[in-house]
Structures are given as structure tokens and as C-alpha cells.
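Following are the structures in question.
You will see subunit A twice below: alongside subunit B first, and alongside subunit C after that.
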Partner chain A sequence: MRVDLEGLVFARGPFTLRGSGTFGEGVHLVSGPVGGGKSTLALLLAGLLRPESGAVRRHGVSSALLLLQFPEHHITCPTVAGEVRSWGLAPEDVLLRADLLGRGDDDPFHLSRGELRRLTLACAVMQNPDLLVLDEPFSSLDCVAKGEACWMIEERGAGITIIFSHERAVLPRVDAIWEMEDGVLTARGSVPDAIPSWRHAPPYLRYALREGARPENIRLSDAREALCRIRG
Partner chain B sequence: MQDPRLRLFAAAVLSLAAFASTAGAVAALVWWLLVTPRTKVLPRPGVFLPLIAMIAVTAALSAWGGGAGLSYFIRMTVILLLAAWVYAGTEEGEMLAVAVWALGDRVGFEIGLIAEMGLTGLAVIRQDIEHMRVAMALKGIRPGVRSIVPLAANLIVTEIRRSDEIARLLVVRGYTIGGRICPLFRTEPGDVLASIMALIPVLLSTLPLRDVFILLG
Partner chain C sequence: MIRITDLRHRLLDIPDLTLSTRHIAVIGPNGGGKTTLLSVCSGIEEPEAGSVRLLGRPPSAVKVGWVGEFPDRTLLFSRVYDEIASSLRFRHRPCPETDRTVRAVAEVGGIPRLLGKKVSALSGGEKALVALAAACVDDPEVLVLDEADSHLDAGTAERVSRVVQESKAAHILWCTQSMDTAATADYVLFMENGRVRHRGTPDEVFSALEETCFYPTMWRVCR
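Moving on, here comes the complex of A and B:
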């Protein structure tokens, strides 16, 4: 199972996006500053935009899902329970996972953006598609909710998960790192080898690297463990 | 037409002419063909054709019930073409400028602001529909009769909520009533001629009184 980007070029006004590479099974993090082209690439991967040249080729991927940057753009039903059903899921399980039990009859627009984010993320993860593209899944979440979102993503056992995020504080365990800046996608490689060359690495990872530690992954706990190892 | 005052005047009188009689509608259509950039001002087929289809269905039902279905179809289609022309040609702030020019800083400003918000709302509704279309595609929901009802309800609730938010925002910013702007307009020689020509369909629409009586009946 893999997704190939073959000489992908997409232009809109003065902005041009370019990217090549292969997303294999596992969790991929595409990081980079706001306005770098992450959301555009997410839409291209989901097939909602067409490239001007090149192609996105899916191999062995039978189902794909994109979680949009703004969770309210997913809403198609007037109740939270109806919204979950519109994803083809049972409301009870999803509401439990999203920590929204008892809110099934609420208007989804009455949920806070963080709650709505938890709901859509739970729906997306529980649908368990072969290819799951998450556009800024941690935005609008507090630290605890970000941690829970990371846990949901890590819990996905199989398939390809591509996370587009500028988050630099709470991150999940990932298998590969990519960077997107000024419309250019760059593969940094597999974790942990990719960590030293990661330009948008979070401050705690930079600190660990400066101290001579070699974290095994990109989470804060990985940096802390690595520092503990070298300091005894 | 560059001058929004003349553009709105022409659209108003032509719409009245088209609504009043089939002859007026045909004359307004000739005016539309002569003066506007024609198909360039029409929205994309995905928006325009369903509207035409809705008019056609209503006209067919009217004809089936013994009414003037064909006349209704012609008149409503011409009004739709005129609306598309005005919508495509109206730039941000023009409605407010015309309303203030016509009715002053108090009542004119209020009406102009409502009109501006209405026009902006149309663009926002188009975006909302596009978002819902994408959401449905992502969820694997096929567009159909069963999906239209919750979508329409959602859209209406969203727009009511957005209006409420805008109203609150106006209050927070200290808006009470009226405002001052100095509208400036650029009139081209062709604008005046086209506006005068727009009176011809109005005159024609008043001649065949039979249509007016059908309408009233």
C-alpha cells in the first residue's frame, strides 16, 4: 500500500506547489509554516484538486479520507448524532471516543471548535480508511485534547496516515518526516534518522539534539527519555 | 454599464416590463442581447441551469393547470438573465453608494448596508454549498432527495446564525443607525443611451393589456 507523487505541480495565482515522493504505510508528518502549501497538498492527495502536471497515484489503497482544516466544513446534519451517522458510524461509540456522551441531540454548530475537531477526528479514525489525510488535526485543541488526538492517530494500526500540521508542541509518534515550505515538498526521511535534518523541529527536540541526545521519535517524551539516557 | 445608478434603474424598469407582459419580456430580452456582454455575465451552468429548470417545472405545472405556462417561462427567464447581469456587474460598495445617493445618509445608508450584506451573503452561500458538496463527497453521500432536506435545513440555520453574528459585530463596533459616505460615480455616454432604451420595453409592456389581466387573474 503506497501513494506516489509523480512530479506534482499545482499553481494558483503566484503560488506554485511542487512535490515528488512516496508515502508508504505508517504515519507521516508534513510540517511547515502557515501558508506553505500544506492544505493544498492535502486536497491534492484526497483528489479534491487536480494537479496541472504530474499525478497522485494510489497503489493498493481502496479507501481514502481527508479531514479538513476547518471541522465545521464537514457538517451536513443538524444534530451531532445525525452528523456521526452521516459518516456511516454508530453515534454511541464515536461520542464516547470523542468525549461527547450525552451531546447527541445538540446542534453541531453549538459545539466548540475543539469539540467539533474531536468529533470529526474520532469519525475519521473510526472509519479506518486505507489512506487518512489529516489537515491540521491539532488546531483549536488544548494540550490534553491534543494528547488524546495523538493517541487516536497512534492507535491506527494499519494504513497510511498523513498529518499536515504546523504544531510544534504536542505531536504523535511518526514514521517519516516531510517538510513543506514555499510550495516545495521535501522528504526528510524516516524517524529517527530524519530528526537532525528537520528544519521545523519543535524546540524540545532542538534542545535535546543540542545536548547531544538522539531521540527515537518526535514526542516530548522521546526527547525527555533521550536526555535521561545521556545524563544517566 | 459603468454607472451603478443607471444599471440598477435599467434592471428595475426592465424587470417590471418583463414581469408585466410577454411582449415586454421579449423586448427586455432584445435589450439584454444588445447592451450586456450576454453569456459572459451568466453564472456557471451548474448554478444557472437548475434555476432555469425550476422555472421550467413551474411553467409546465402552470400550463398543465391551464395557465399561461409559456408566458411565465419567458418572463421569469428574462428576469433571471437581467438579475445575472446586474449581479455580475455590481462591485462591492456600489449598492451602498447608490442607496446613499438616492435616499441620504440615514435611510439610504441602512438600505444600502442591507443590500450590500445581502449580496455578500449570496457569495457566502455559494461557498457554504461548495463546502457541503465536498463534505458529502468525503463521506460518500450521493446527492439526492434524501440528502437535500438536511442540507437545506443546515444551510438555512447557518445563514441565520451568520446574520446574528454580523448583527452582534455591528453592535460591538458601535453601529447604531446611518452613516456617512461620499459616493462617486463614473457615467459613460453609452450608459445614458442604454438607460433610455430600457424604457422601450416598459412602453411595450403597457400596450397588450390582455397579459396584465391574465396576470391579475
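Moving on, here comes the complex of A and C:
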């Protein structure tokens, strides 16, 4: 299972997006500054935008899903349980997974931001598409809710997960790092080898590297463990 | 000086709070009352009971600059230049002066190239920078930022910090989910369930939060 970007070009006004590379199975993190083209690439990957030239080719991918930056944009039903059913899922399972048991009759817009994110993320993960694209899944969340979102992403065993995020404190374990800047997609490669060349690495990771530590992944706990190993 | 007495408003319950420092970070979990506190302090909402005084005056009598989490909801004009110029134009300031000020503010924010653009063509981060410039253009006495850094990357967030630091505001009330940003404030309020659970210098507040994820990541690796 993989998604190939073949000489992808997409232009809008003076902005041009270019990208090539292969997204294999596992969790990919695409980081980069705002306005760099992350959301546009997410839409291209999900097939919601068509490139001007080049192509997004899916191999062995039979289902794809894009989770939008604002979870409220996904809501189509007046109750939480109805919302879950609209995804073709059983409310009991999803509400248990999202830690929202007993909230099935509530209006989705009465959920807090963190709860709504947990709900849409649980629906997306349990629908288990081959390709799951997450646009800024951590923004607006407190660190507790970010941690829960990371846990759900890490729990997803198979498939291709592509996370677009500028998050700098709470991150999941990932397999590969990409960067998107000024419309150009650059592959940094597999983790942990990609970490030293990751320009948008969070401050704690950069600090660990400066100290001579070699974190095995990108989470704060990985940086702390690596520092412990060299500090003894 | 910001002085809050016997404040009860929606879930807020703050009997007594006096803030005399300039840069105040407001942190805590989602739904803890941070935005409600900022709304009351900036005069957007009238408290149900109790009082809030900024610089000895009610918030409505103070020039407050507000930058929300979702700039789309506060940007009024379709062109960036018009948005930033709006509060000066509403005050009937001379056109040449307005033009000079708009360009100077855009320069500080690093967004001169956006002035001629349509707001609808901007990215989320660019909109946040425009909203910040519009909030700063009329030299607010108090600057309020409600998770304005939530949708920003490191470089843009740093630029926002610089613009905020350079503003002449007597107080900056800054609600953020970045504990590393909050650690640079003069004073920190940790809000939970409508109450101020912890208050003090970053050292004082974060030492009470060391066992939680609300501890700055840099402190976690450096200390």
C-alpha cells in the first residue's frame, strides 16, 4: 500500500505547490510554516483538489479519508449518536473509544473542542481507511486532549496516516518526516535518521540534539530518554 | 493595574485578583473559563456580578486591542489594508497619518507584502498577523490575545511575540496553549473550572504543575 506523488504541480495565484515522493504504510508527519501549502497538499492527497500537472497515484489504497482542521465542519447530525451513525459506525463502540459514553443524545455542538476532536478522530480511526489524512489534528486542544489524539493515532495499527501539523509540544510516535515550505514538499526520510535534518523540529528535540543526544522518535519522552542515556 | 473583585459570570468565580505586571499568560484546560475571563476583561461581556477595572477604569473606557483564535470571525473588511486602517478611519484620523501608521504596523508585523491582498486569499497564519496588526494600529492600552497562536507555526508565533512585546500596551493578557510561551510571561494564571487555581511567576505556577502535561517542554528537558 502506498501513495506516490509524481511531479505534482498545483498553482493558485502567485502560489505554486510542488511535490514528489512516496508515502508508504505508517505514520507520516508533514510540518512547515503556515501558508506553506500544507492544507492544499492535504486536499490534493485526499483527491479533493486536482493537480495542474503530475499526479497523486494510490497503489493498493481502497479507501481514503481527510479529517479537516476544524472538527465542527464534519458535523451533519443533531445528535452525537446520529453523527457516529452517519460515519457508518456503531455509536456504542465509538463513544467508548472517544471516552464520551452517555453523551449520545447530546448536540455535537455542545461538546467541548477536545471532545469534538476526540469524536471525529475516533470515527475516522474506527472507520479505518487505508489512507487517513489529518489536517492540524492538535490545534486548539489543551495538552491533555492532544495526548489523547496522539494515543488514538498511535493505536491505528495499519494503513497510511499523514499528519499535517505545526505542533511543537505534544506529538505522536511517527515513522517518517516531511517538510512543506513555500509550496515545496521535501522528504526528510525515516525516523530516527531524519530527526537531525528536520528544520521545523520542536525546541525540546533541537535542544536534545544540541546536547549530543540521539532521540529514537520525536516525542518529548523520546528526547528525555535520549538525554538520560547520555547524562547517565 | 487590572483589578477583579467578586466576579461571577457564567462559570467564572474570581473573588479577588489584582494584576500589576505587564505580560500576563492565561493557561489551563479547554473549557476552564480562559476565554470568558478575557471577554470580561476586554469589555466584550458585562459581568453578571462583581467588577473588573483596567487602569482604574471600566473596560469600556479603555482602549483594548483584541486578537481572537479565529481571525475569520473578527476581520471585517475584504482588503488587508482597509482592515488594518479601520480603527484609525473610524476615529477620523487624517489620511496621510493613517497611511503612515498602517505601513509602520505592517512593517513591524512583517506583512507589508500583504497590504494589497484580499483577506479571503490569506492563509490562517497570515490572517492572525493581520488581526494582530489591526489590534495594534491604534496603540491599545491593553492588548488581549485569545489563543491567537493556536494555528501558527514557530516562525509566525515568534513574530507575534515580537509585535506584542513592542506594543506600548500597559498590559498584555495572553491566553495560550503553549506552555513554553507562557513560561516567558511576567505572571501566569492557571484557570480551571472557572477559578484561578494557580497564580504567580512562571516558576511558582509551573512548579505546582510539574506532574502534569502543563509543564513547559523546555523546562522538562533542560532542568
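The rule we apply is simple: the second predicted complex is superposed on the first by the 232 of 232 C-alpha atoms of A that agree within 3 Å, B and C clash if a C-alpha of one lies under 4 Å from a C-alpha of the other, contacts with A are read in each partner's own complex, and residues count from 1 in each chain.
Everything that follows uses one rule, which is that a contact is a pair of C-beta atoms (placed from the backbone, for glycine too) under 8 Å apart; a residue touches a chain by one contact, two chains touch by 3 or more.
Owing to the predicted nature of the structure, the values given are computational and were not obtained by experimental measurement.
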Joint occupancy of subunit A by subunit B and subunit C, clash or fit: fit
First, second, both or neither for A:L220, with subunit B first and subunit C second: second
Subunit B versus subunit C, judged by how many residues of subunit A each one touches: C
Partner chain(s) touched by A:L141 [first = subunit B, second = subunit C, both, neither]: second
Three-chain overlay, vertex subunit A: subunit B-subunit C angle, C-alpha, nearest 10 degrees: 70
Partner chain in contact with A:H74 - subunit B first, subunit C second, else both or neither: first
Closest approach of subunit C to subunit B (Cα atoms, Å): 5
Residues on subunit A lying within both footprints (that of subunit B and that of subunit C): none
Touch list for subunit A against partner subunit B, complex: 46, 48, 65-66, 68, 73-78, 82, 86-88, 107, 109
Parts of subunit C lying in touch with subunit A, wherever the complex brings them together: 28-31, 69, 121-126, 128, 147, 150-156, 177-180, 212-214, 217-218, 220-222
Subunit A contact footprint on subunit B (complex, rising order): 131-132, 134-141, 147, 150-151, 153-154, 157-158, 161
Subunit A - residues contacting subunit C, complex: 13, 31-36, 39, 69, 112-114, 136, 139-147, 166, 168-170, 200, 202-204, 207-208, 220, 223-224, 227
